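In what comes next, chain A is part of two complexes: it sits with chain B in the first one and with chain C in the second one.
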Partner chain A sequence: MFQPDAFIEALYLVLNWNTLMWLTIGVFVGVGLGAIPGLTTSTGVALMLPLTFTLDITGALGLVIGLYKGALFGGSISAISFATPGAPDSAATVFDGYRMTQKGQGRKALLTSLYSSVTADSLSDVLVILIAPMMALAALQFGPAERTWLMVVAIALLGALSGKHVAKGLFAAAIGLYIGTIGSDPMGGASRNTFGLAWLRDGISLVPLIIGLFAMSRMLEQAVELIHESRLGHKVERKMNDLFSNKEDTLTFREYLSNWREMSIGLGVGSFVGMLPGLGATVASFLAYGIAKRLLPHKRLGTGVMGGVAAAESGNNATAGPTLVPLLAFGIPGSATAALIGGALLLQGITPSPRMFELHADVIYALFTILILANLFNLVIGRGFAFFYAKLGGLPKPVLVPTIMVLAVIGSFATQGNPYDVGVMLFFGFVGFFMRRFGIPEAPLIITFLIAPMLEESMRRAVLISGGDWLGGLLNSPLSLILMGLAVLVLVLSYRMRFSERLEAMAHEQDSQGAADDDATR
Partner chain B sequence: MPAYATRFSSLLRSGLLALAASCLALSPMAQADGHGDWPERDIDFIIPFGAGGGSDAWARTISTGAQEHFGVGWNLQNRPGAGATLAWEYLLDQPADGYTAMLSSPTPVMTALMEDDPLVDPLDFKAAAYISAFRSLIVASNDSPMADWDGLKAAAEDSPVVIAGTNALLAGVANIFDQAGLEAVYVPYSSTGEAVSDFLGGHVDLLAATASTALGIVPERGTVVMNTSDIALPEDVEEQLGGNVPIAADFDFEGMRFPRPIGFHPDTPDAVVAEFSRRLETLLTEDESVPAMLDRMGEEVIFMGFPEANEDYVRLVERMRTAIELLD
Partner chain C sequence: MQRKPSRRAPAGWWRTNQALGLGIAIAVAVLFAYLWQQDWYHREQRDGFILGFFPGLGLAAMLVTALALTLDRWRHTVVEEIATLDWRDLLWAVVLSAAALSLYALMEPLGMLLPIALFLALMMLLLGLRPWYLAAGLAAAIALIILAVFTLLGIRLPGAFLPLLI
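Take a look at the complex of A and B:
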């Protein structure tokens, strides 16, 4: 029930210099931190948490939420400019974003990222405000069996990311599946596939894996190209001159609107994934990108187009608001960042629970207001950062390649302070380099690495709960049956689409051949 | 040389000899007496997890009072990896001189107990103090027949009940079920969020939760059946959880707490460990700023000093070993 008095009180709490100042600081630090590889959203929020001890409730919420939202966008800046995702959430942005930078459209890519992030984030916040309790109740229907089938649907949908060659896509997926099993057995806790190396017991971390596969591999590739390039000095000089010019493309309103389908997909996927505990923004981003690629083949996602950036970025940012739904409705932190925001509330003496709506309605409304305001601040501050980084992304290769390599080393170490992560990043840098040389796509590797462990956990839990009965465990509700049907449908449709694409390609080939024969006989 | 000079030289030699002898004689006493000079330099304080987690927050908060109470600073080092046992292995590689301490938790102990070939022996640790502890609470739905212990017992005797939770919390419940002779299906989760979500969605019968998690569920959607630990809940928390929360001892069970120990290399002299414990107790109980900060973080100081903590730690490892076998 809407409480006008509490809402006015919330506006009074939020719209003052103190709160707005901390919100500005939060967004500013967040975008900056997010752009640094290895410093994830959670790390940023955790590092700022002690500062909230000294702030009042709205100042603390402004700082933490501003930082969270800023970092979510910030991750895309280095993904687009340097092919080095600031956080795993932005890995899918590299596919099109970095290609756009290479084409000299870095600024356009960054602005597409910023506007689609803010659009999806704002709309998902509105969804949270309007239907948080309903969203939370829907999320509760997803138990281990339903989550299992949801993962199967996700894997089926993401088949679009396997590229033209299914065998190569499957090979990459197999590698991802294998490295996803390295570490501890998610149920029993015993180590497996660790080759007797104790440091592998925690498994392969996502951050060094992504930095290695996406950034280091590309830099190795570019380093090889550099060695072969002649007239290096001339190129460097020319690029440095370009850096200080204003020739780069900007983004028109019409271009922004042309991505509405990608943003809608991102909004839908991100909002849904965000409210389910445990999945996270990285899955949402890849899923939105994969679905957009499948549903909008004419947009040619993956070739360096705005649509790819818009889908991936709206997908990850749309999780920001909904990730707070389980926290607000039941006191369950749906993600590490939501847990930290819950921690900030606790520090102020407010226990996240359903009673918050009764006991602290003003704080809840203040939180909602800050969620919306943070997007506006993100828009302004993010724009400044975007222009700055777009310039840096245009640095000449001889400067950029070693700089990104150093960033990659620092980023992989900074995540956990674990030196082994640097080794992991370098290893996957070389793996990625050879994959690119042989035309093996990276996306299926990341997808299976991300989803397979969740799929395994959910499936084993479902079977454990049913006392070892696989059928009863996995098909125990109408929802799980529907999701299974959906998975089958997606697989069949994918197969048919691929089949018709092949037929079209063959027909095209025959036409070309016929034309060539005609030319030859003329 | 004049006679007085010879005599002075002889006296000086005797004096110096006597001084050296007394120094030699007193040095072992000084050692036994508690390393009177300890600490002479900064203490390396190892956190077996990455920055930003619960242990990290504890370490960073209490280290703010180190200079005042120890006269030296603490160099905090995050050494995550290998289920939090890489840090422990590092601790054992350092000299047992009291200048390297580690903040532990149930996680590294459980890792060491679950592994076939663990990096460390779970008993290779001298606990100087427990600084806090968490309790595993059994939570049931309000409308469930298992909402009280008798109902739960009857249901579990009929068929095994399904309990969700993280490994450490499930170990606490398994400890009680084992003593009651009841069977259960323990469903482990890596995150509390998913476990709570599955409990609220009715996908499992019961939830093993900490008090802070239970506060988000009780009383609207659940009720606490039992506090499976050996420490009562703080009064205000108990009140928010509906009051009169039964504790394991009420049913003649031996409850198990999950402490947050700080300890040293097992060969570290007892006197040094005791001195560390004494100063830490002052920091956590008599200091004004650190306990206030912890309180604001929603953390509870439950202090147990040396040697009690070390004796309890040995028993805890054995109890956890038994509980883990039950979870398999």
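Take a look at the complex of A and C:
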């Protein structure tokens, strides 16, 4: 399976100034985006997608993966500095991180966050490098029927785990399935579902769809909120001085090592959760924090200790690599960010699938190398500039929101130079605004939009092979039956077990316990 | 989000998941009826599938999930964001989207610098940035930075830098 020539080619592609420069820019911008409350990883990657069009494959991957990893760590900076997580992924970090800042240990909290993030991220990347090729090898044995059911399982998981309400997650997935059929028939090429508009014959373009859903919709939402607010933002008590104080203790190597149990829990939980479609970094960080708190009662997590920061941060960062496993092994993105990285690959003319390991082994090795290198860059940039980024969290939203709206307009046009793309972006910006208001998650939409043509092709091939016999075509092997059963089981269990509600309740429990601890301390 | 009490609309039935599901189901049914009447929908392909099968499958999935919203155990739930939503929020979203579209429409005739700077300044003022000269200065500076970066990167832009310049 290992191809030395391709690996050497990948090293040659990655270890040059161009790729390293884009990787540096990606991490640098990513940490900054992560540190600014209201800007999520998806927003950042969505805005950068048009730029990847002008880069070579490794430069594009360096930019996007660097940005992703940087933003994951960056979210903890504002969580620790002033109790406002840059993104939901870092919400669990507030419990101990902000209390450490209040106790005058902000610098230690930030360094704990950085080191545990990088440690868990690096180890989970190694796991990806070991697991993804094996899974891809297995996936290559799948026929069209198995591939169809695998995609159905992924959609069921996405619907079940993406939001608080199963039906809403599945509804978002159904929208993606529908708009994925706009354009032309993937097998015959006949025009369909275009509403008589000639410019829709090529289908909905990925970049304006992504920018609309992940950037414009959020900016519309924030702009509407700002218009309603009587004053500029709400004032958050900030104890920034501690972070910049030279008097404060830094983190010793012994202290870093003392968190090994919390980091291991975060690594295990994050890696597992990352590989499952639909869950994501927020769930991983709350789960890792909750498990560490229960398993290690003597550490008194929630009272402003390093262990809490380490568990939450290693949990969310350990999802970064594994979230790419379903994308690389099966061609099915497991999260919104994986879908965006898949989008970047598609823009470069590479379709993510298990065959990528055969057809583009150099790109796969380059991706693995970039995953590892991004952690080193994250460490260096995070260590050097974390205290500068803490100030970025205070950037006024009235400046930020219109700037991102301008970038969204230019970015959606830039990819193809198509004026209609701006209209598509604005339309989906409005759709995304509605979805967010109604509590409908956007991630299942974008993921099913990406896999819709593959799903259609696999299903039609399976039926075609069996001479038009649906049952014989789609349920032609024990694996097909198992996968179909799994999809049904996921849907039934998700309705009966109220998994998302439990996770939310757990987050509230941590929050209220933390508040109680605060009251007790006072 | 801080709001005046008078702005808060009551959480009536139409804000529940059931109302949302019903509204979506009706819209999807109308869309399905429209597609059904199209000639292309029933055109058979070489593999035996009709051209409208997969768009129809997507709509069927939307319909089933929308109906699930009206019937499942969360049907009476009102999502927090919906409880506080009023028509002015929707109007603002439309106005802001229209403003972004106008920004694009003006880029070609007026060049990019002026519409971007104007859009940024007006938006900053609307969103509460004061004093006005700070908004104007920041808008001009950000517009210049955006254009410089995009030009340096060789990214295709919707218009020239200044009016009448190619």
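Points to keep in mind about this one:
Throughout what follows, the second predicted complex is superposed on the first by the 275 of 522 C-alpha atoms of A that agree within 3 Å, B and C clash if a C-alpha of one lies under 4 Å from a C-alpha of the other, contacts with A are read in each partner's own complex, and residues count from 1 in each chain.
Simple rule for what comes next: contacts are C-beta pairs under 8 Å (C-beta built on N, C-alpha and C of every residue); 3 or more make two chains touch, one makes a residue touch a chain.
Not measured: the values here are computed from a predicted model.
In the superposition on chain A, A:Ile332 makes contact with chain B only, while chain C stays out of contact range.
Shared-chain residue A:Leu464: touches chain B and chain C both. When both complexes are overlaid on chain A, the residue A:Gly417 reaches chain B and chain C alike. In the superposition on chain A, A:Tyr495 makes contact with chain C only, while chain B stays out of contact range. Using the contact criterion defined above for the overlaid structures, shared-chain residue A:Gly188 touches chain B and also reaches chain C.
Set side by side, chain B and chain C differ in how many residues of chain A they touch, and the one touching more is C.
Look at A:Ala198: by the touch rule set out above, it reaches chain B but stays clear of chain C. On chain A, the surface touched by chain B in one complex and the surface touched by chain C in the other have residues 50, 187-188, 190-191, 417, 464 in common. Contact residues on chain B toward chain A in their complex (touch as defined above): 50-53, 56-57, 60-61, 78-83, 85-86, 89, 110-111, 114-116, 119, 160, 162, 167, 185, 187-194, 196-198, 200-204, 212-213, 215-217, 220-221, 240, 293, 296-298, 328.
The residues of chain A lying in touch with chain C in their complex are 50-51, 54, 159, 165-168, 170-171, 173-175, 177-182, 185, 187-188, 190-193, 216, 220, 223-232, 234, 396-399, 401-403, 405-410, 413-414, 417, 419, 422-423, 426, 429-430, 433, 436-439, 452, 456, 460, 463-464, 468, 495. Those residues of chain A that touch chain B in the complex are listed here as 42-43, 46-47, 49-50, 53, 139-144, 184, 186-191, 198-199, 201-202, 276-278, 326, 330-335, 338-340, 343, 346-347, 351-355, 415-418, 420, 457, 461, 464-465, 467. On chain C, the positions that touch chain A within their shared complex are 1-3, 7, 17, 20-21, 24, 35, 40-41, 43, 45-49, 51-52, 54-55, 57-59, 61-62, 64-66, 68-69, 72, 74, 77, 79, 81-82, 85, 89, 92-94, 96-97, 100-101, 103-104, 116, 119-120, 123-124, 126-129, 135, 138, 142-143, 146, 150, 153-158.
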